[in-house]
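Okay, handing you the structure first.
Just so it is clear, A, B, C and D label the chains in written order, and each chain counts residues from 1 on its own.
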Amino acid sequence: MKYLVGEVSVNQQITDDIWVVRVSCEPVEAKAGQFYMLKSWDTEQTLMRPISVFKAEEGCLWFMYRVVGQGTRRMSFLEKGDAIRLLGPCGNGYPCEQIKGRVALVGGGVGIPPLCETAKTLQRNGVTVDAYLGYRDVLFAVEDFEPWCTDMFISTEKGEEGYKGFITDLLKPEQYDVVLTCGPEVMMRKVAAMCAEHDVTCYCSLEHRMACGIGACLGCSIRTKSGMKRVCKDGPVFLSTELMW
Amino acid sequence: MKYLVGEVSVNQQITDDIWVVRVSCEPVEAKAGQFYMLKSWDTEQTLMRPISVFKAEEGCLWFMYRVVGQGTRRMSFLEKGDAIRLLGPCGNGYPCEQIKGRVALVGGGVGIPPLCETAKTLQRNGVTVDAYLGYRDVLFAVEDFEPWCTDMFISTEKGEEGYKGFITDLLKPEQYDVVLTCGPEVMMRKVAAMCAEHDVTCYCSLEHRMACGIGACLGCSIRTKSGMKRVCKDGPVFLSTELMW
Amino acid sequence: MDNDVNLSVEVAGVPFKNPLIAASGTFGFGEEYHELYDVGCLGGICSKGLTLHPKDGNDGIRVWETASGMMNSVGLQNPGVEAFIETGIAQMRRFGNVLIANMGGHSMEDYVTGATMLSASDIDMLELNISCPNVKSGGMAFGIKAEVAEEVVRAVRKVCTKPLIVKLSPNAENIVEMALACERAGADALSLVNTFQAMAIDIRKRKPVFNNVYAGLSGAAIKPIALRMVHAVCKQVRVPVIGIGGIYTAEDVLEFIMAGAAAVQLGTVNFNNPLAGREVLDDLAQLCRREGITDINEIRGVC
Amino acid sequence: MDNDVNLSVEVAGVPFKNPLIAASGTFGFGEEYHELYDVGCLGGICSKGLTLHPKDGNDGIRVWETASGMMNSVGLQNPGVEAFIETGIAQMRRFGNVLIANMGGHSMEDYVTGATMLSASDIDMLELNISCPNVKSGGMAFGIKAEVAEEVVRAVRKVCTKPLIVKLSPNAENIVEMALACERAGADALSLVNTFQAMAIDIRKRKPVFNNVYAGLSGAAIKPIALRMVHAVCKQVRVPVIGIGGIYTAEDVLEFIMAGAAAVQLGTVNFNNPLAGREVLDDLAQLCRREGITDINEIRGVC
């Protein structure tokens, strides 16, 4: 984990509220499912913002983010050549080394981007990856998954693209050895319950408000079956059976 | 007085710490010696910053500013096309209509730019204008005065350019009907004292920390011989004989 | 467009067309901001802080910016109650909204005399600023100890025939006890908070920035503390409470009203954005619509 | 390069190589930040807030950003005094700077037992956090009323063999009286301020953000108030005072020391800039040089 200065090489609007930023920085040590604390300001915002690694490449990192508040709005103003601060990689990431066989990645909304690096890593490890991507209305990042996935399932709430409804409607956990999920809590809860029913291992990547991002402030602690855990350090990825929601 | 959105068309560094910004806005109603409250931020800085009109033209205003703190630093980041907020014109300005004959403008540091529009206005009114411009080391804005001035005197503290020493050393108030001055308080005090000695009318343009800039908060009040006065509204230009320094 | 959302509120029997009031000391007598927009669109305006006799205020630096806030040490510069009655009231009357006279004092007698005079004048409400240092008690402000505040409010209540708002200082030892004491003493409404006692040092000069050493902190920085105090007071008193402190946006207004405030005051934000009064009002109507609020009074105190 | 400026200070007989101390609760036990820089460069580190027994802390949202600040409601999650003595101390010892154990409690007995245990351990100083709600007095914090604080400090003083810092809450009714009471009760030093009680409301949910309704405000927003309190306390007490509250820069450090502080703590700034400790230290040496300060002790209390 390091505190780096990166340089923005691309910062592009993908949909109404989704942006993707490419940051050149050294060294890139991120693994699938990890995140960075980012800031593109000095002290105008007190805290850095946790954003997951969308894609990690030699000498650069990609982040995909939704503009929801002041911090992400400011990030959207970044231009090529601007500096950005990165603290990370933070968190545990998905345990890709331990995963074998057939895997389903189930993502919803801005829970989709973190699964992209995961798809790549697993595919390269010889795992068969299917992606289940649930959107509100407009798609993003789909083409980034394609190289790594065997089957891809898409849903939108009103059926603008792909299946009309929730992505969990399409999932059959019993077809998989492991299910990895990231997205809204309701979605992940549903996925976890479906997996539990079929005794399929399921990992969930949680969101929580964070201050330090590195385990020092206990601002992101949650109650789990093995006691209090820090989402930023002990997570963000947890075995679904550990969670108490 | 209006609250306007202007568009930056030029923002250029002149010396180490002096910048000039050209702002397109409508309407331009500024008179010589007036100022605007400026901001190029939302709420990151609480207050707007008072900056004098350097040059007023059809559809645009020029400001020349020294980067001294956070607000002016932020202003220096402005780029062509950026929006900037302007509240003004504020203050009384120099009473140019009432000035006849021969006038000396005595400026020091960032007190120099506000005298430029004044020189133009007076010259166009048929007044003979001499400029006395005192710099620390590096000159700026000199060429902007040239078209309007009969004689120009320049000083720097260590003699890098022009006379070595203080600009007040060169001034002979008795040669003028009126002296207008703007700059560091010590300089203006000296000018006022010299004028008093020769019974020459002297106007000083004061600086004071401001919150509202329009006369509502009394944050900029000073004690004068005719009671408390607001620098932003009753000033910034005062007859030297009114001042109690 | 606006008719679908009711923004009108009532404070101590006085109707306001909306809950936005310009805060004392930040808005003069309204005429400067009236050059920029029709300040009559606000629910009401608090006059700059008056004292019985005219005051010059403090020497030296009077305003200073801080992180998301500012400090001031204006020191109640004002023309005095008499001059206000003679010319200030007429000036403010033409705006057509609720006219609140804000009055401070350095002794019990000043408060009582000033309140008596203002009661006979054409103001709508009197806002009593009890943050002023009390000359008799060695400069300790009236607004620190509940007993002292209770006494001055009781005395003013006796002579005051206008709806009486008491404006509380966040420097009070116990804001809830202070509120209860003022209510007991006859306040028709409370407003809070005034500025927080704070300090800044000029490290180059190695001296305090302000001649008086301490000065008052206001602005967005204090909003979370102000909101807590308003919430705590609203839970305990029966009189209406006007929320003040770092309110910059329509969202902030809703927070204070959900915390129990009857209305709010906008202070420092006027310096950041001279059109704040009008813009927050426009945003408030829109925000209510978006949040499905048809009457602003329906969300009061839900938290 | 650095030898020309003396930054070392002494607090209650304990030498610090410089006046920067990591504030409790913002720095864990130091090891996370040690991955980023050698935290041994700081003068000292305060452990996260300990309680006699392990605590899970609060449920729900625990941190929330505000204008130039943040609120937290961590609720003293910690492994308990025993576990700290067993493993935490050894972890902190290897940094080679002053090791301060910060301890809170919800009853007098907890404070005394905890202080007894920590006195027998290898810590350098004990910082007593008296902001915790007192279960016996209906949840009112120990740090509000001077009499209550005096009692708990006196009891801890009896058993405490380490230099004892008492950390004051800015929510105290009267910060100076509180400081004097703690000094009387035997504190070797005071540190202030802890967080300000504050509130935030989620207007969409129409509910307070925090399960506990109120939470603690920290960061740059509170600096001017914290500085005033430190100044006021330094003028009245004889024991050394550690300044805390919104200190982000070397300039801020000088302000607090000029106000009279012996040393300072850095809290929220660590979240804004994880290298803040080291960077403020570097800047401080440079700033002193620029201001012609050869010994940081020479400017203490000049304001």
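Keep in mind that, in the parts below, a contact is a pair of C-beta atoms (placed from the backbone, for glycine too) under 8 Å apart; a residue touches a chain by one contact, two chains touch by 3 or more.
All values reported here derive from a predicted model rather than from experimental measurement.
**Student:** How short can a path of touching chains from chain A to chain C be, counted in steps?
**Tutor:** Shortest path length, in steps: 2.
**Student:** Of the other chains, whose C-alpha centre is the longest way from the centre of chain A?
**Tutor:** Of all the other chains, the one whose centre lies farthest from chain A is B.
**Student:** Which integer distance in Å separates the CA centroid of chain B from that of chain D?
**Tutor:** For chain B versus chain D, the centre distance works out to 47 Å.
**Student:** Measuring centre to centre with CA averages, how many angstrom lie between chain A and chain B?
**Tutor:** 54
**Student:** Quick one: chain B and chain C, Cα centre-to-centre, how many Å?
**Tutor:** 36
**Student:** Give the residues of chain C that touch two or more other chains, as numbers and ranges in rising order.
**Tutor:** Only 66-69, 219-220 qualify.
**Student:** What are the residues of chain A that contact at least two other chains?
**Tutor:** Chain A, residues with two or more chain partners: 43.
**Student:** Spell out the part of chain B that touches chain C in their complex, as residue ranges.
**Tutor:** Of all residues in chain B, those touching chain C are 1-3, 39, 43, 45-48, 87, 209-212, 214-221, 223, 227-228, 233.
**Student:** For the complex, which residues does chain C have touching chain D?
**Tutor:** 66-69, 71, 173-174, 196-201, 203-204, 206-208, 213-214, 217, 219-225, 227-228, 231, 246, 251, 254-255, 258-259, 291, 299, 302-303
**Student:** Please give the residue numbers of chain D that touch chain A in the complex, ascending.
**Tutor:** Residue positions touching the partner: 25-28, 32-33, 35-36, 48, 56-57, 59, 61-66, 68-70, 72, 74, 77, 219-220, 248, 268, 270-272, 274-275.
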